[in-house]
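Can you read through this structure? Questions will come right after.
The letters A, B, C and D name the chains in turn, as written, and every chain counts its residues from 1.
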Amino acid sequence: MIFFRNDYGEGCIEPIMELLQKANEESNPGYGEDQYSERAKQLVQSKLPEVPSDIHFVVSGTLTNLVMLRHVLRPYQCVLCTDSSHIVQHEAGAIEATGHKIIQIPNSSGKLAPAALAKTVKRLKEDPHFLMEPKLVYLSNATEFGTVYTRQELNDISKICRENDMYLMIDGARMGQALMSGIDYTLNDIAKWADLFWIGGTKNGALFGEAVVITNEALKPFFRHVQKQSGAILAKGWLIALQFIGLFEHDAFYECAKYSNDLASIIQDEIIRLGYPLFMKSTTNQLFLVLNKVQYEYLKDKVDFEIWTYWDENIVVRLVTSWHTSKTSVSTLCQYLQLAMDASKSAEEQADKDEEQLEDQKAAE
Amino acid sequence: MIFFRNDYGEGCIEPIMELLQKANEESNPGYGEDQYSERAKQLVQSKLPEVPSDIHFVVSGTLTNLVMLRHVLRPYQCVLCTDSSHIVQHEAGAIEATGHKIIQIPNSSGKLAPAALAKTVKRLKEDPHFLMEPKLVYLSNATEFGTVYTRQELNDISKICRENDMYLMIDGARMGQALMSGIDYTLNDIAKWADLFWIGGTKNGALFGEAVVITNEALKPFFRHVQKQSGAILAKGWLIALQFIGLFEHDAFYECAKYSNDLASIIQDEIIRLGYPLFMKSTTNQLFLVLNKVQYEYLKDKVDFEIWTYWDENIVVRLVTSWHTSKTSVSTLCQYLQLAMDASKSAEEQADKDEEQLEDQKAAE
Amino acid sequence: MIFFRNDYGEGCIEPIMELLQKANEESNPGYGEDQYSERAKQLVQSKLPEVPSDIHFVVSGTLTNLVMLRHVLRPYQCVLCTDSSHIVQHEAGAIEATGHKIIQIPNSSGKLAPAALAKTVKRLKEDPHFLMEPKLVYLSNATEFGTVYTRQELNDISKICRENDMYLMIDGARMGQALMSGIDYTLNDIAKWADLFWIGGTKNGALFGEAVVITNEALKPFFRHVQKQSGAILAKGWLIALQFIGLFEHDAFYECAKYSNDLASIIQDEIIRLGYPLFMKSTTNQLFLVLNKVQYEYLKDKVDFEIWTYWDENIVVRLVTSWHTSKTSVSTLCQYLQLAMDASKSAEEQADKDEEQLEDQKAAE
Amino acid sequence: MIFFRNDYGEGCIEPIMELLQKANEESNPGYGEDQYSERAKQLVQSKLPEVPSDIHFVVSGTLTNLVMLRHVLRPYQCVLCTDSSHIVQHEAGAIEATGHKIIQIPNSSGKLAPAALAKTVKRLKEDPHFLMEPKLVYLSNATEFGTVYTRQELNDISKICRENDMYLMIDGARMGQALMSGIDYTLNDIAKWADLFWIGGTKNGALFGEAVVITNEALKPFFRHVQKQSGAILAKGWLIALQFIGLFEHDAFYECAKYSNDLASIIQDEIIRLGYPLFMKSTTNQLFLVLNKVQYEYLKDKVDFEIWTYWDENIVVRLVTSWHTSKTSVSTLCQYLQLAMDASKSAEEQADKDEEQLEDQKAAE
């Protein structure tokens, strides 16, 4: 089996493992008040030179989202996001469990369309029965479908947020992949658009860990208190800091993301060339591909992937590349895709022949 | 500075680091559905041979407590525990944030006295205005003050719980230290007394991680759902599993705990010999010592410790040993304690002399 | 202005006012432990002869919904209902504030279609990432759009719930109106289909108050505890009991509902006769009518109604009848509707003429 | 049985019943947006001439407390109050259910001592592990034990709050009784000391209803949203408004409170004269009296009272007067108290005699 199941199937890049070993027997203060945490914050800050920020580290993604939303929102304030959002689909009600309603807006290629956002905000503000304040827009970049926001889109969404006294929060579980997808903006721009966001380590070469960045002054105080109350401060906080030192000290964060995007791009080109339908065209490291039954049966014991959803008779599968994916396994995958397509075509031809024969028989009778 | 600040100031024991490196580039399924997690569960289960249990891994302690309590309790059910409990004093309202009231019972040397528990339960059940169900007794073993429950105490508390249709939950952040403190019970006994408990890795040689053990059949289903909803499932779940493989495969868990207890015992004997008052007599790796100002001033730049609380003019400090504490630093600490006591006595003598002189002067006048 | 704004614009029917006055200076135990509460429960129970139930009284609707859902659901369990549900649209996030996720299913004439429900349950149970348990189906009867479930529909939904180990909860804010809408089932049938439901007093002749009925044995214990914790037990509990005595002692509950349905039916017939488009065809006391601008301008200062939503250039308004609506005001309303339609037609004719003239002018030039 | 069980055992004073009847068939807008609510707010505001306030009406006490605290507090902020507080003892965990931790301070005659408050705040602010912000001080005036704060005490507590950036919230379930207990301050002073408070109707002559007063500008916005989300807006909001019109239009609020205080004072004087121990000396309408078994047995079938707690062999009972208590029943109660004391003394004498006899017998043997 070649592994294209996800981008969190292996440990960490070598520089991080080295940092871990080197620091292992040093004595540190607990709860993130150590020198490594300080250094990691400086490194992240150095990528946002124009936006002085508060930076915190949390061990995993759902925990990060729930702490950030608990921190920001008052009971009567709700979140706006697409219906395909991670907090809607894949967090087991974590946000509602903190007491907050999520208003879903139909996605457009996995993205929140600025026009759809503006319309929803207008409708909610005009509804006298709603009695909630739409206060935070949540979006993921890259999206849950592997697509990436344009500069114009982020600009527009940020503007809508400011005009409506709402916060913009960006889930950056795959922020590296978004930034290396060929777009024309940087972390510094993200920091200018968003009031708070996070930069994912788990899915981009770290053992674990996400860096929370708070840019809006009003949201800076007391984050640590909410973090503690949510069980989201690690006793040995320097362990997460080491991940981000490893990712940002020599830009491994960008290299890993570019590497995984490049491999995905090779695969996607081949998918298109072979004539497989795409569920969504991706510019990052997640690919969503439609297989028929023959193709699925051919591939399922050779490639480790995830079934995303069902489309009538067909199966939508997700293929993911990462810092750890080898070029050899990409070649192998492409060969398998070719063979699965061949198998599928033969089966069709055979089916056609069988049908012809049957018709001939019928005619003969 | 010699480090006696806490037992989570360094990384992990060597065998765990080796496991981490070895497994680093293998591809695993996510969210704890991997073979290492399976193996770690078997190892923990092997220590509770008579009690078939559900075992889960969570990255840190407060998160573990809040997930377990959210999982078990209905809105109208409350927790009973000592006023010195970790969930009362050191979790920033995490339990109340999940909606549950905690009823505090005054501690007796850091422990929940069975008689005090019985009396409180009776009072609550008789109060027609209370309209809550006391449903879960929480205790820490070892306690927050370094003391350890006796077999008789745990037996009695467990019996009170069963007679009153309440669950017993044991916080085992320092369970290893409790078990190696010279008591006459094992993890298997703990599993028989408790309905659910946890075994701490963070404070006993692991990088992070606590093992949740659910013994009561009624509490087994859906734990994973609550864990997910609380942001408490790590994407790379095998990382926590590796900690517990490292701790239990060759009983490092017990060795680390015994080692730290033994060093603490040497220090405590010396403290007693030197005549320092103890805030609490400990049988594990946390020592609580009362210093006067001179002693404190002498020690504070030589020994890295934590101020626990203030006692009038005096200062209660905590000294903690761990798997990582060296015998040399224990010797050095004992010398410092001797010198601090000497300094304090000289200062007293000087003060006495000064007073005498003053009186002589007065008499002479 | 004639009042068709809602069915909670006036106080209560005369028999209830008499009960209130008569009981006013008697001394009663507090918190619903009085004889009137006992009597009111017996009266409600007498309408469900085959289903022994626990009955409780809560002062208002949103509070009732949130107490019932808090009582029933564990953190990892979610609610399924239509996107037009009261708990989705009109309770300001009250359900999410208790920590529970609501899964919305597109409505069909305001109703939950059994097939849509079955499909959603299947999808959620098959999704390995969902990690929530769909556990309770919520529906309103009559619906938020004035429509009513058929016996077949309720039968089917109840069956789907039981087959999937889910509870059925029915919001009966307008249960009286549903039961008197010409359907072939009774409160006793409702009690057999649902695991818990409520019977609305506020919108059917009482000052306030809703009767919670719990039929499922497993859900009976501890409701009162959750009610207390939610601030939903009135000190003078007999006040709500008196409402239900007044409604059920001589079946005023049914008479008020029938009366308001009958008046609404007269109005709806006239609306259809006059050619107004209906937003939804109702069989109860809420009518949803589409007005153009001329009609709206004509009516808005003569009839007190609520704007429901906007349809391009047109306005959807809601007209509601109640036990208090007079036949005279119904006649007046019908006249106004006729005149508004006339005004609208004249305006159109005038517009046509103006256009003709303009064209003639153009032609003449 | 004569009724001294509580002050919410009957309906309402006559002027309120008249208002209810008069308004019963008028048509009003829903949810408190009617003219009566406007009028009631003006009347309450007129009692706080120097403090422009936002005023809202909620139907009952626990609901009022939980809505106010949910509105004010962020997740990381906690409440400080006495251990005898209503929110600690009698609300079934309602405050914790909204996610907030309560820090208990030992009461001094039912009151929060300014010095104890200051000490607790200092301790919490200095504790590096606490990671919560003490943000709101809650007190009840009159207290749960019938005592009343002095001007000096309220002044001091208010000052401590302001110096520590904390809010002061006053639970006024028996505010009327406090104000008429002979103290030297008014509602206007309360409004100056507190950031928010409530004035109780339920226990002082109204059918139900409490008036929330928000004086701090920062706390005014969005209260209605939290109220709605908590199920705490009554559809027929004018019903609560009518209670407050009835209470404040001709000062029935003050008269009812004075009347009940005066009767309680007569009873308390008699209790002292007869030599019963007081659990607490009251200046309002709640009396706490210690009975021995003979006294208790004598009284329990003649007087309807509540057992408050047990004191070794003795029983602490609560006697409460209200606007509805008659002077005749006060006289009867005083006679019963005399007779119970007589019975108790006879029993003692008899017991002494029996003992003497026994000793004589022994001596004779």
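Convention: contacts are C-beta pairs under 8 Å (C-beta built on N, C-alpha and C of every residue); 3 or more make two chains touch, one makes a residue touch a chain.
Every value quoted in this text rests on a predicted model; they were computed, and no experiment measured them.
S.K.: Could you tell me which pair, A-C or A-B, is linked by more C-beta pairs in contact?
M.R.: A-B
S.K.: So, comparing C-alpha centroids, which chain is the farthest one from chain C?
M.R.: B
S.K.: So what's the Cα centroid distance for chain A and chain D, whole Å?
M.R.: Going by mean C-alpha positions, chain A sits 54 Å from chain D.
S.K.: Using the average of all C-alpha atoms in each chain as its centre, how far is it in Å between chain A and chain B?
M.R.: 37
S.K.: Go ahead and note the Å separation of the Cα centroids belonging to chain A and chain C.
M.R.: The computed centroid separation for chain A versus chain C comes out at 41 Å.
S.K.: Among the residues of chain A, which ones contact at least 2 other chains?
M.R.: 75-76, 92-93, 97, 99, 131-132, 225, 228-229
S.K.: Quick one: which bits of chain D touch chain A in the complex? Just the residue numbers, please.
M.R.: By the definition above, chain D touches chain A via 70-71, 74-76, 99, 131-133, 222, 224-226, 228-229.
S.K.: Using the touch rule from the top, collect the residues of chain A that touch chain C in their complex.
M.R.: These residues of chain A touch chain C: 75-76, 78, 89-90, 92-93, 96-102, 104, 129-132.
S.K.: Quick check on the complex: what are the chain C residues that touch chain D?
M.R.: Residues 3, 5-6, 8-12, 17, 20-21, 23-30, 59-67, 91-94, 97, 202-203, 207-208, 225, 228-236, 239, 304, 324.
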